[in-house]
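The following blocks contain the structures, represented as structure tokens.
Each of the two complexes below includes subunit A, the first together with subunit B, the second together with subunit C.
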Partner chain A sequence: MEYTRKFTEKLSVEQVKIELLNTAYGNGNTFFASLDPRTLFIWYAYFGIFPWFIHDVKVLIGMFVFMLITTYMAKISPLIIVILCLGLLGQGGYLLIFSLFFGGNWSVMLPLLVLTVKLSVISLASITVFCSMNPEKLSNGLLKIGLPGQVSFSIAYGYRMLPTLLEEYHHVFQSFRLRGKAPAKHGFLYIKSIAYFVKLAMLSFYPLLLSTAKRARTTVEALETKGSMYGFNHPEVKKLKLAGLKMKKRDYYFLTGSFLYVICLFILL
Partner chain B sequence: MKPIIEIKNVTYQYPGADKPVLNNVTLTIEKGEFTAILGGNGSGKSTLCKLINGLIPHYYVGDFSGEVIVNGMNTAEHKVAELSRHTGYVYQDFENQIVSPKVLEDAEFAPLHYGLADYRERALHALELVGLLEQQDNFIWQLSGGQKHLLALASILSLNPEIIIIDEPVAQLDPQHAKEIYEILKKLNDVHGKTIIVIEHHTEFVASYAKNVILMNKGDVHFKKPVKEALNEVKTLLAHQIYPPQVTQAAADMEMSSNLPITIDEALPLFQGMRELEEKKVINRHTGDKPLVVFEDVTFSYKTITKEKNRVLHDLNLTIYEGDYIALVGNNGAGKSSLMRLITGLVKQESGHIEVNGNNARKTAPEHLAEIVTYIHQNPEQMFIDDSVKKDVGFYMKARKDPMAEEKVAELLNQFELVELADRDSRLLSGGQQRRASLAIGVGMQPKIMLLDEPTANLDIATRKHITRILVDLKQQLQAVVIATHDMQLACEFANRIIVMHEGNIIHDGTKESVFENYTLLEKAGLTPPQIFELSRSLGWENPVYTVEAFVELYRRKAVSDGVYA
Partner chain C sequence: MGTLENRYTLTQSQKMMVFILSMSLYGLSNMITELVPSAYLGPIEFSIEYFAFIPLTLCILFHPLYAAIGASLGEVIFGEIMLGQFGGFGELEKFIAFSLAMYVAGTFVRDPRNRKQVAIAAILGVIIHQAISTMVDILKVWVGVEELEAVPGLAESVVVIEGFSFLNDVLFSGILFALLPTVYLVPRLYGKIEPLLGMKPRDRNDRYSLTEIIGPRLIVTGILLAASAFLFEFLSEAGFNVEWEADFLEMFGDWFIYVSLGVALIVAVITIAVMLNKKKNTTNNEKEEKAS
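And now, the complex of A and B:
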């Protein structure tokens, strides 16, 4: 009981909010954060897709090591890493159990490991790239490669609203807790309590939707008065906005370095 | 000189409404005016302001007739985007107006999207004007409520508009921040020649800062007059449920002839001869001896975004007894909400001990404490979890399968004057109605202790008085009440114990007398006592009064006893 209490205190909504914001905005001074978003897009276009088509275990492991290094350099929040590991283990684990159940044997381990390594490379590449770009940078990058202003703005704005929404959700959830009645007994393996909280977690979304709809009205009006429509429709605004984006030497070095590393993997291994 | 805003015979009806919200309104505002718009809820104040930046008729469809000319442009012929460069609008729910995650980015947003190459300089200049320059690299989550309001203002100032409209600047701010924003508006008006329009319920601010007053009534401009004349129309204002400054009310009650004072400075010479009665009131803080809530050396911190711990409460000691009706006062960020939330068990202290009706708050689940303590949120919407007022009020009883639930709900709806609203969605009610619904929900939980966070914030003065009356009546049903508030009139009328907090410490624990007579304390905690109190103190009274009624009463008795002031 003591441990669960300590654990739940650590895992408060406040904490999740802080982690989330740090993941989104907190990595401003890493090497990756100083790269141009286009560099990161190109880099990701390779490491996010090509591992699917590579079957050489050694090359995959080589890439995996590279990804470990980049993830370390990008100073990813531990929470994200934990979630990622849980996801990968869960994925591999359930496939293993399934195959054993349907008459497979331990020889499925190897192909499953290969799959897991592939998935890891792709996932690590994703978090390296997306955690290194704050939403503003991401949206500017997308604008630069030709997406409409509305789309790129929505991304940046979505992040701006995230903490507010989370907080509001938390309030509603707390109201449910305070006014409802928790089950008197926890039940076998806390089943009753867990079921109760899951139910509350779902119910809490409805009031949230309604109040968000109300807020949105002011925001939409404010956007109008702040000239966002004007900005989306005038190319010179886009130019002004993206004037800060430039491919620098380090971008080219990084891309060349990554390219050479991959070539070496193929040739040497 | 040509007026900067001309509104000619405008009638407007929202789609779906059964009568127009603006009814043949004609109005002119000159360049460089500082105008306050007064009027009850639903009198069309906000709608009038939305005419000026073209949101009506471009954004709101509806029946629009008449003509609005702003800075020489007919609003019907120009786009909102164009008009917005001349008119900046700060909303009442200004938080939703901030669209970027960082301070500087938000200030830049408008000039950047209008394609102005000097957007950075404009933003920095605007931030400097409102005093947020040091915060430019911060996230908006790191700002206090007052700073967010200033940012919303800076974000429109970056376009350098000639007209600035602010919807109820004081509603969400403590008195000190409210004064700060008015000082900035005054500077923008005096030095930069901006035309300022505020929607404001607090006539004391209107008296000190505005030059002209527009009184709205049911979609019509009742009058537009210079501030002094306007606030002298005490009867008219009261008939529209607007309360003139306390000094003006007092002077009117004493039937002083024309030319009533509207500020303390004006009032002082008028009342100069008046002396207080000799009788010394007995200051008696009567509370029971049964402790309900005990705080022992409690500290509380929360983690900030930068992962630093921010200590909100420092080694706090406090005992709340049965029969305590406490007003918890102090600036935003003094730790009032944290203290109350600790009592609910929703957050846990870092160190120290909290006991609530014999339960260790750290070890007791909030669900269990909820049967003893009820917390009423500052924003009532956070308490609405069902789709009608009736269901929301009955939620707690239904969850406990109370066989008497139906009757109890009916009784509560009656007590809080919600019978006609029973089937409406609580989120769509007006501010005062929402507040009553949240109180009904709270009382429905049959608590021993009730905690209220700013129960009168965001309400117009008439509604505020109504809620205050309801709260005073509530005392009988509860063993103890704690109200965190900036509303000193509420504190004076309601509380028998006032606790002053400052930077996470309790710096005073006493009565209204001991609080308001302590000048250094008021200064330190940023409290503004009721205006009539300030007046009686400025007159040099040893026992100043707290209400207009008491002041007038004193005057009458004095007049009877020596016949000088009749």
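And now, the complex of A and C:
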């Protein structure tokens, strides 16, 4: 029962909802949150791509230090950082073990370390940028750089609907459990219980498919009455909606500062 | 509307309904799979990779294009952005690979009541998706690590690890979470779920119009070109080391990096432009159709 209890604890609906709202709206008063989304996109466009093509260790380490500073400034929750570190270490570790197995030696370490630094620069950049934007800002920014209105609508819709959907799923899941019969024995390594719960988790989607279909229809009808379909892709509506986005002085300072830092890295190192 | 050729056309709002349905459901399932812990047996990971049966079912029952794009977007929004794990450009690759795989699986099925077709489509979708993401993962290490050849054992180990996880995903997740539930769900939902969205069920005589298939095909060539650009980058790092002197090599290597970057950029821009154009055209056509 221990495993299943853990499982249900993790799935505690309230907990998930709180966690979600926290990641979405938790850090609204950092420096990055006050920047224009476009600034953040431009900044990310550089730090998300170029590290792949840089093989100079010193430059990479310089960038890594910069990323550490920005991540600290953005006040990212420690949980996300821990998950990231575990992922990076895990991948590097497996590669190391396997290459030792294939007759490599410890000289494998260095290139793998470089790869890890590279990956962490890229992922820290994305965490900094995307965790410091709340959903509203992100969807407005995406709309501004030319993504279709459906995308930004979907983000808003996701945040609005997810709690309801999760609750409904939870209800269906619990009623399946009530009506069904759990396996009498856990089996080897709880295999029977796990199989039972996974099967229920999948079966619960059958009623949910139908009810979500109904809900999708209601949503679209509501959108139609409000004229949103028209508004999605018409430039004038967009202009009105995005009038609040402005590049301020601090945006330019930030971009220039990062640019100068990178130039210095290339020249001095 | 083009009823003459029996073409499967949807109105704008029906497309939106399919899109929202697939987005919210697959997003929800993604969130659940992210929260469920995974079991390790040595290096083998037994985890619920994804509930691929949801987008597969929807792609088979409804218009595959909108269901596929909705599902990928749902994954990005619910599974990544909302959990604070958005990976930026890395998600783009997932997005394209997943929508492509689901779309192909959806178009493969002519008659949703035919279980054999549904089963083949389900496993086909998983294989395409996993194959693309495996290739991308291998390429990532090849591009990221300089002088891959010089490091003994690394190249083989990358291929072995990725190949193994490919097999694991297809045989374990593919059968348990894609094949069986899809075969179970599609015949049960056929004819029941469509009226809820106000449309008629897919007929075995329905055909998709060709113009919609050209779009994804263009994207595939785009991916291939981008991949070759990555390969060029890899060659410029590893292959020319032996033959050229150091100074010249650096110049040459740098040059190649910019060339490959440029190629990738151009390909991306062209693909996006073509897609935008196509979309504009179709919406215009629809408007005209509606007006007339």
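The criterion applied here is as follows: the second predicted complex is superposed on the first by the 199 of 269 C-alpha atoms of A that agree within 3 Å, B and C clash if a C-alpha of one lies under 4 Å from a C-alpha of the other, contacts with A are read in each partner's own complex, and residues count from 1 in each chain.
In the analysis below, a residue touches a chain if its C-beta (ideal position, glycine included) is under 8 Å from a C-beta of that chain, and two chains touch if they have at least 3 such contacts.
Remember, predicted model here, so these are calculated numbers, not experimental data.
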- Note on the structure: Winner on subunit A touched-residue count between subunit B and subunit C: chain C
- If you stack the two complexes on chain A, which partner ends up touching A:L166: first (subunit B), second (subunit C), both, or neither? second
- Query: In the superposed arrangement, which partner chain does A:K241 touch: subunit B (first), subunit C (second), both, or neither?
  - Reply: first
- Where does A:A184 make contact in the superposed view: on subunit B (first), on subunit C (second), on both, or on neither? neither
- Message: Quick check for you: in the superposed arrangement, does A:I18 touch first (subunit B), second (subunit C), both or neither?
- Response: first
- Query: Which holds for A:V114: it touches subunit B only (first), subunit C only (second), both, or neither?
  - Reply: second
- Query: Which partner does A:S175 contact after superposing on A: first (subunit B), second (subunit C), both, neither?
  - Reply: first
- Query: Touching A:F130, do we find subunit B (first), subunit C (second), both, or neither?
  - Reply: second
- Query: If you stack the two complexes on chain A, which partner ends up touching A:F98: first (subunit B), second (subunit C), both, or neither?
  - Reply: second
- Query: First (subunit B), second (subunit C), both or neither: which does A:I267 touch?
  - Reply: neither
- Query: Residues on subunit A in contact with subunit B in one complex and with subunit C in the other?
  - Reply: 135, 157, 159, 210, 214-216, 219, 221, 223-224, 229
- Sort out for me which residues of subunit A touch subunit C in the complex. 6-7, 10-11, 16, 20, 23-24, 44, 48-49, 52-53, 55, 77, 80, 83, 94-95, 97-105, 107-108, 111-112, 114-115, 118-119, 122-123, 125-127, 129-131, 135, 138, 148, 150-151, 154-155, 157-159, 161-162, 165-166, 169, 198, 201-202, 205-206, 208-210, 212-217, 219-221, 223-224, 229, 233
- Query: Which bits of subunit C are touching subunit A when the two form their complex?
  - Reply: 12-13, 16-21, 23-25, 27-29, 31-32, 35-37, 43, 48, 51, 53-54, 57, 73-74, 77-78, 81-90, 141, 143-148, 151-154, 156-158, 160-161, 176-177, 181, 185, 188-189, 192-193, 196-198, 233, 237, 257, 261, 279, 283
- Interfacial residue positions of subunit A with respect to subunit B in the complex: 9, 14-15, 18, 21-22, 25-26, 135-136, 156-157, 159-160, 163-164, 168, 171-172, 174-182, 203-204, 207, 210-211, 214-216, 218-219, 221-231, 234, 236-237, 240-241
- In the complex, subunit B touches subunit A at residues 53, 55, 59, 80-81, 84-85, 88-89, 91, 93, 95-102, 105, 109-110, 112-115, 117, 119, 139-141, 155-156, 302-305, 307, 344, 346, 348, 365-367, 370, 374-375, 377, 381-385, 395-396, 399-400, 425, 427, 441, 445
